[in-house]
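Here chain A shows up in two complexes: once beside chain B, once beside chain C.
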Partner chain A sequence: MALAAKDIITEETPSAAPPGYSTLILQNRKIVFGGILFLLILGTALAGALMIDPKLRRSGSITRKLPPHAAAVLGTTSLGQSVAAQMTEAVPNSIQVGLIAALLGTVIGSLLGFVSGYFGGWVDAVLRVVIDVFLAVPVLLFLVLIAALVRGVTVQHMAIIIGLFAWSWPARAIRSQTLSLKTRPFVDVARISGMSGFDIITRELVPQMLPWLGANFVNAFIVAILAEAGLSILGLGPQREMTLGMMIYWSLSYGSILQNMWWWWLTPVVTLMLLFLALYLIHLGFDEVSNPRLRTQV
Partner chain B sequence: MKTLKFSAMILVLTALVVIAGACAAPGTLPQVVQQTVVVPQTVIAQETVIVPQTVVAQATPVPVDQARAETLNIAIGGPIVPADAINPYVNWNRDMGMHNFCYEYFFYQNLQTGEYIPWLATGYEYNADSTALTVKLRDDVTWSDGQPFTADDVVFTYEMIQKDPSLNWGQQVVDNVASVEKVDDHTVTFNLKTSNPHFHLNREAFPAVGIWGGTTIVPKHIWEKEADPKTFTNSNPVCTGAYKLANSTEQSRTWERRDDWWGTKAFGVTPGPKTVNLRYLGPETNVALALVNNEIDTPMIGILGVGSFEEVARRNPKVIAWQKDLPFSWLDPCPRPLMVNNAHPPFDKAEARWALSYLIDRNAVADLAYEGATTPAWGVWPDYGGVKPYKDAIADLLQQYPTEAYDEAKGLQMFKDAGVDISTLDLKYVVNADSNEEVKVAQVIADQLGRAGIKVTITPLSGPAEQTAVLEGDYDIKLHSFCPGYIAENLDLFNSKYYKPLGEKVALFEANSFRYQNPELDKIVNEMLATPPDDNAKMIPLFQQAMAIWLKDLPVIPVVQAPALVPFNTTYWTGWPTADNPWNMPVSWWATFNTVIAGYPDKDGKWVGGIKPAQ
Partner chain C sequence: MRAYVAYVGQRFLILLATIILAMTIVFLLPRLVPGDPMGAIMAKLSSVGAGRGNEALIRDYMERFGLNKPVWQQYIDYLVQLAQGNLGYSIANFPAKVSDLIFTALPWTVGLLLVTTVLSWLIGSVLGAVVGWRESKSVTIRAVVVLALVAYTTPYYILAILLLFAFAFLVPIFPLAGAYEVGTKPEFTFAFTVDVLRHAALPAMSIILVSLGWWFLSMRSLMISIKGEDYILWAEAKGLFPRRILWRYGFRNALLPQATGLALSLGYLVGGALVTEVIFGYPGIGWLIFSSIKGLDYPVIQGSVMLIIISVALVNFAMDLIYPFIDPRIRQAQTG
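For the complex of A and B:
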């Protein structure tokens, strides 16, 4: 029976050993703080959904243009909707877009990156061209075009559209990491000991890059939420569902900035900023975990 | 890669912080507030790379000099698509200067004063049985290239349309006009297919503008060189109007005054503005701030809501509207019903259309989407004095068929009785994405239907995509303006002669894109069209008969009257028409707008109106 490749890695390159990642993650203050902030935002929205009557999301359900008061803690819109009630729908929807798009981007990107980098040859040649082409296109321009074509999108459509364009950077980065990793001795050992290419990728390479994939996932998450907001503000978002971007869109449509209805536009803007902050901290934390040189700066 | 994304994120964060900072203090100086809008605009532009021109337009320094004082800036609701084609027979965006600054028409109607103003023509006369109309043209009109405007141009235009009825409004010409004959260089006779004493009011088949536009006469010496008028972009149009095209992009179009305009010689009048700019500035807030900062003299319809207008008027007292108080708006003659596709089950049944009508709370639509600028509508006619005797004549019918009623329980019961399971419905609600008004109304109506349990999918489309979807009947519901607002003409919109099967383009959006057919109604409408429009004694009984059918069938669902909340900035230009001085209609997107800019001669030849420089 072949030698277990892992044993050799542990002996030869102890610092790259997978064990210890979870401890590192839990000990990283940026990840912990970012995570708590993220859960706080999501938790508040979910708790709000249980407490606030969803009917208040509909137009004409409450007096228009009221600043924050007891009956509507975040005020009301020109269309007679409660801003707080809208937030209980918008926050989970925006996070949903981020999650689905980031998941799609990371999974597709990793698959192509690993296959292209590990197998090389004509597979790599073809995939590299495809990846480079997607890298070269201005993603948001394409998103605008597609969203404009697929009018009447839902939150899930949007997530998929954004996700389908979120894989090229991860693919490229993972490919180069794989190119470097596959020349290391532990991969040679695994190959000599008879592991298949697929096994080597899943059992040797993926664990090596887990924290890096995590950082990448969070980054894609941020970009997707941002892309959603950008598309929605342009009027290309889901018309019948509320997201943070659509809230900003509607508040702009009704001139809320001009009319000093600060509660309408400021609420989604501040929430977006906090979401960015939370996710960015997590991203930085993952970066530190995967790159030991950064760790001293914790 | 990370740096890129990171910097993009920082950019957006910074922008958001700047907005937050700039807007936190209410009542800041206009200059500061100006920044608040420029910033998100810039961010969007950088991210999408499709609207750099907006930024350029925005970044242009506010001209406070002579050049600005001689310029009329009009804000438009969406980008100009297509920007380079100025063909009235292909492109529907005639109101981007094509018909209000470039081409001119035989007659203009002033709905405010009731005048029928001769312009390119001097008069008209029907024959005894109204089967032919003879028009005398002015003999001193020239095209912008110096060629004379003659009867040959008129005959050529009509022959071109007869050859290809698929040209815009071509079907109406073919339906109404048998032939056009040149009597002499400045006299033409329109031979009509039927006796039609309304023909001089038919904007779709005759070059007279009542509402919005009219049939456009094109120069023979230019257009005869084109093998197919449909492929002609006409990007450098030769017109008779006082302005010529100087520049056109999707974001702005510039028209420059011609010093050799025939009207200057004929009337001794030069229109005030040396330059007219149509500019797309983006969302409502941008337009509002541009008005506050005197960058814009008037925005087109549906851009500014009541709330924003009030704030603009508070910050810049030089900005006025038709009325001094709520609802501020001028009543547009084209009400806004909800078109229901009669060819899509279950709305092929009148019961289902009535059920839907009961689910719509019109007062809420007026209060929320229009912020109180309008009122509910009982039909497809404006609440003008001339319509009142007709409405009064069908008072009992309106009691039997309450078109303004909102009764959710009754609506749901009617759906049940008609055997419709509303949980299976998913209505495709097509919205013109460039119309702030339509986007807002859609949200409220979709919420109301949603509350009743009907799923609505809003599909915003723009430009030709939206026009094609509507003309081909690819929608379940769609809010649309119903023009021209006259009694017989608006009933004629329901005439089966405009009917086309689904997938084929109808002649006009409101001329039966909703696919309604009823031969009984057709018969009465045709009789009304053969009756002189001012013959109320004969018209009213016919109207009663027609409405007995129309109300029972309810081919479209009346929603609201059309408010035209059109602010005017008096900083650079004065003399705008208002309720206090109602000398003309305050509508810059109609072909009649050239009579607002230049003024017009009344019956006695006295010059009326025209906007004047304020400084």
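For the complex of A and C:
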């Protein structure tokens, strides 16, 4: 309830020429900085994939337990893999999980949120209970159940499983936003001029909420990467592929902290933190674009 | 009073829906997932049962899952078993019962979660209120806000790994893993209590620091918006002491949304705490799930997951019951 009240979009001030969303997004320092950081992480991994021999990802391909040196810039693991070579696979995979899951979560969440908020009535009553239930449930546990049953998950499986449970927050946020938008005069005008409910949602409400949807998408992205790493640490990650979570899992299960092999666990940990920082900045930026009251703050 | 009953009824509906949903998902999943995991579980069971010459285990599961009966009948049987508190046997630790395993692990998780959640919520709210009330944009306050932001965006397990490295390896003040020294027996002595606290320090710290950041930030922004309210101006005009305005007028009003936030994030908190347990080898439900995953012990995973989901739903319901007593607005809203 507190969120709903706080996040209501304020009336646009009548200025000479209100800037479009694209200008606002490109002018937002947080989005630009976060975006650059994100691209830098992904770009480094992709460039690394071209430069580093993928054979070094296999165990036994290089001397074991070496700190960073010329042949392996990020050191090697207890199984004789190059950490840098693993990273070139792990970063794109983790980002892929985030993208697919966030897309699924935002699309399902928007659908439920718009329908529930706009049409109201018994549809809203039912959907609200469903959304409330999924909000209150520790979703990670459902993921644990599924992942424990699907033996040998792949990166794509994980993404879909996470995405199917990632819609409750977007649904709630978009529902409350729709509730406040639908009482605006422009929606009344659209309704009187004979637009159908579906048309009003897609042509009047969705464009109004694009930055909002963006913020929700980025948020779902963060949550998905978080869930992937959490599941992997629990031992439910893709055993045959590398993700940032799986790198942490393997390094922990071979006791890298105790053996002082800091390069093994620190690399995925720092990368995850940078990735979160980048995404969080983008998220804050989108919030500012959609909520002008936040813009003045540093 | 009628409004309160209607409100409680609505929240009870959500509780009921959550419990039914959890039980149904747990029932349906093994039957929906491709690759016949049910068959795999049965095969695993028969091999374990046969290996230890125990027919009872297999028969128990045959009866429990009754795979030859129609699905609706299986479902009803399953609900009856659950109602009797029967979660079946563990595969990996046969003949231990799932419920026994869970109840050995549960106190550790509940203790850890309860203490850390209450502490971080209280400290974060008070700090956030004090900082949010001051208007000054001093360097210290900005630094604190940035620090809180960093803490809040750090996932539990990342902080857990960093703390483990710093305080159990680099500067070994705290033990690496476990909940008490190996070889000691849980008992109510001073030495044992100290030992338990020492083991709980790092897991607790990683959960507290992360959630503290969040409670601090949300309380701060609540206080900033409350400061602009008319009733604060009025209190100031009356000449009340600033301290009284802060705690009686500002803080009290911010507590309710803050409590709502606590209820909403409970699920997330629990999930995070489970992963943190794994990193510290803390013998709670998270660790139980972790070792059951390794041992392909599906009945234990299933039982733990269901118990946690239902407990979270019950706690949420209990909090819903209390709200109207703190905030008359909820009672009012129901009448309209």
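Keep in mind that, in the parts below, the second predicted complex is superposed on the first by the 278 of 298 C-alpha atoms of A that agree within 3 Å, B and C clash if a C-alpha of one lies under 4 Å from a C-alpha of the other, contacts with A are read in each partner's own complex, and residues count from 1 in each chain.
Assume a residue touches a chain if its C-beta (ideal position, glycine included) is under 8 Å from a C-beta of that chain, and two chains touch if they have at least 3 such contacts.
Please read all numbers here as calculations on a predicted model, not as lab measurements.
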item: Chain A as common anchor, with chain B and chain C clashing or fitting; value: clash
item: Which superposed partner A:Ser59 touches (first chain B, second chain C, both, neither); value: first
item: Which of chain B and chain C A:Arg203 touches, first, second, both or neither; value: neither
item: Chain B versus chain C as contact partner of A:His157, first or second or both or neither; value: neither
item: Partner chain in contact with A:Val144 - chain B first, chain C second, else both or neither; value: both
item: First (chain B), second (chain C), both or neither touched by A:Phe276; value: both
item: First (chain B), second (chain C), both or neither touched by A:Gln239; value: first
item: Contacts of A:Gly80 with chain B and chain C, given as first, second, both or neither; value: first
item: First, second, both or neither for A:Leu258, with chain B first and chain C second; value: both
item: Which of chain B and chain C A:Asn219 touches, first, second, both or neither; value: first
item: Overlap of chain C and chain B interfaces on chain A (superposed complexes); value: 138, 140-141, 144, 151, 226, 230, 233-235, 252, 257-258, 260, 262, 265, 269, 272-273, 276, 280
item: For the chain C and chain A complex, residues of the former touching the latter; value: 13-14, 17-18, 21-22, 25-26, 29-30, 33-35, 37, 40, 142, 153-155, 157-158, 161-162, 164-165, 168-169, 176, 221-222, 225, 257, 260-261, 263-264, 266-268, 270-272, 274-275, 278-279, 286, 289-290, 293-294, 298, 301-302, 305, 308-309, 312-313, 316
item: Chain A contact footprint on chain B (complex, rising order); value: 1-2, 5, 8-9, 12-13, 16-17, 19-20, 23-24, 26-27, 33, 36-37, 40, 44, 47-50, 283-285, 288-289, 304-305, 307-308, 311-312, 361, 364, 367-369, 371, 428, 431, 433, 436, 439-440, 442-444, 446-448, 450-451, 456-461
item: Touching residues on chain A, where the partner in the complex is chain C; value: 1-2, 6, 129-130, 132-133, 135-142, 144-146, 148-151, 226, 229-230, 233-236, 248, 252, 257-258, 260, 262, 265, 269, 272-273, 276-277, 280, 298
item: Chain B contact footprint on chain A (complex, rising order); value: 55, 58-60, 64-65, 78-80, 138, 140-141, 144, 151-152, 169, 172-173, 219, 222-223, 226, 230, 233-235, 239-240, 250, 252-255, 257-260, 262, 265-266, 269-270, 272-273, 276, 280
